[in-house]
């Protein structure tokens, strides 16, 4: 289990590959499910050229570690990885990565889906978008649809 | 949309990254969900040292393309990628990759989960395992639990 | 009429042939009987006609490709 | 007693402070009132005590850290 807050842009696919190599998972896991959330260059029709992601550092780390623990209790996970970007973000940058490893597919898939929903609803991050209409705080997350 | 049958080992994370670069998705997608199925070195307790994956080539290609089309009709996907390995496989080799891109998270997550279930239940691939107890055809796929 | 018949995986090994042709059949079940010399059909055998899953009572036309195989185990 | 108080995001900008301290409070609601000089509390404000979500009637102890913030929008 691992949670990182990243101040720099990160490559989610390389992060998964590296995490997998460093862990002792080899030959034991049969399933990896991942989710990557990326900054789009539009949101509610106003062009967005830049974004700042603020967070509550101590609570973020604590909350995400708790989430991973809960996921481990709910599903038979072999490992999980959460990376969340903070600071200044530009379109097409990855914002969040969640990856879950398990022996069988449903644990990894269901845990990954659950983790991103919980994170979206409760992890203490806030987005402020800058675009042609100036700056504005995003008021709430969508339901994902 | 893209379906590949791979005779060689493939790196699923590099495949996702390359597919993303080659497509014109940049800045439009907000969500990528992926599933990777990997060969484990045990199955039903008998050590498995090698596996051969047979398939029905014409039907495989046709079936997987149909699946991607169906997923596109059911969810608002921007793109999808399926890679499935065939031939001789050794433990820790990736067997299948499914990746889905969408604007919002639920489409990518739900389509990815649906695609792997459909593929597991219906795509014409067959595994023959070799281990300390000799060769044996895997008789049926698990329900993923 | 000429029907292309294929067998895959464990079924290919049990039947001992991977491809053959049959003539004068009306259903996919007839194709099985003709191609296997009336072997007993295992209960879990699946059939595809022209690359699509079908039933054993599906009607067969000249030029069709009919494939028989055990439960799939990919992914 | 000494309570560390934090505000985040749009709430930090509205209130105009990011961190402060208060004393002599019994609930998280009291912390809000004391730290904001009895500003009206927006209906959607969330509160965390010692890094865990809490309620406005949650009891506060000496040394606690109390944070107020708007609905979260990460991920």
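Each chain gets a letter, A, B, C and D, in the order it is written, and its residues are counted from 1.
We take it that a contact is a pair of C-beta atoms (placed from the backbone, for glycine too) under 8 Å apart; a residue touches a chain by one contact, two chains touch by 3 or more.
None of these values were measured; they are calculated from a predicted model.
Asker: When every step has to jump to a touching chain, what is the lowest number of steps that links chain B to chain D?
Answerer: 2
Asker: Spell out the chains that contact chain B while also contacting chain C.
Answerer: none
Asker: Look at all chain centres (mean of CA atoms) and spot the one farthest from the centre of chain A.
Answerer: C
Asker: Distance from the CA centroid of chain A to that of chain B, rounded to the nearest Å?
Answerer: A distance of 23 Å separates the two centres.
Asker: Between chain A and chain C, what distance separates the C-alpha centroids? Give it in angstrom.
Answerer: So the centroids are 48 Å from each other.
Asker: Hey, how far is the Cα centre of chain C from the one of chain D, in Å?
Answerer: Centre separation, chain C to chain D: 71 Å.
Asker: Could you list which residues of chain A touch at least two other chains?
Answerer: Answer for chain A, listing residues that touch two or more other chains: 37, 105, 116, 120.
Asker: Among all residues of chain C, which ones touch two or more of the remaining chains?
Answerer: In chain C, the residues touching two or more other chains are 75.
Asker: So, with touch as defined above, which chain pairs make the list?
Answerer: A-B, A-D, B-C
Asker: Considering only the defined contacts, which chain B positions touch chain A in the complex?
Answerer: 11-14, 16-17, 26-41, 91-92, 103-109, 112-113, 116, 120, 142-145
Asker: Within their complex, state which residues of chain C touch chain B.
Answerer: Contact set of chain C toward chain B: 6, 8-10, 48, 51-53, 67, 69-75.
Asker: Inside the complex, what are the residues of chain B that reach chain C?
Answerer: Its residues touching chain C are 37, 53-56, 58-59, 62-63, 84, 95-96, 116, 119-128, 137-141.
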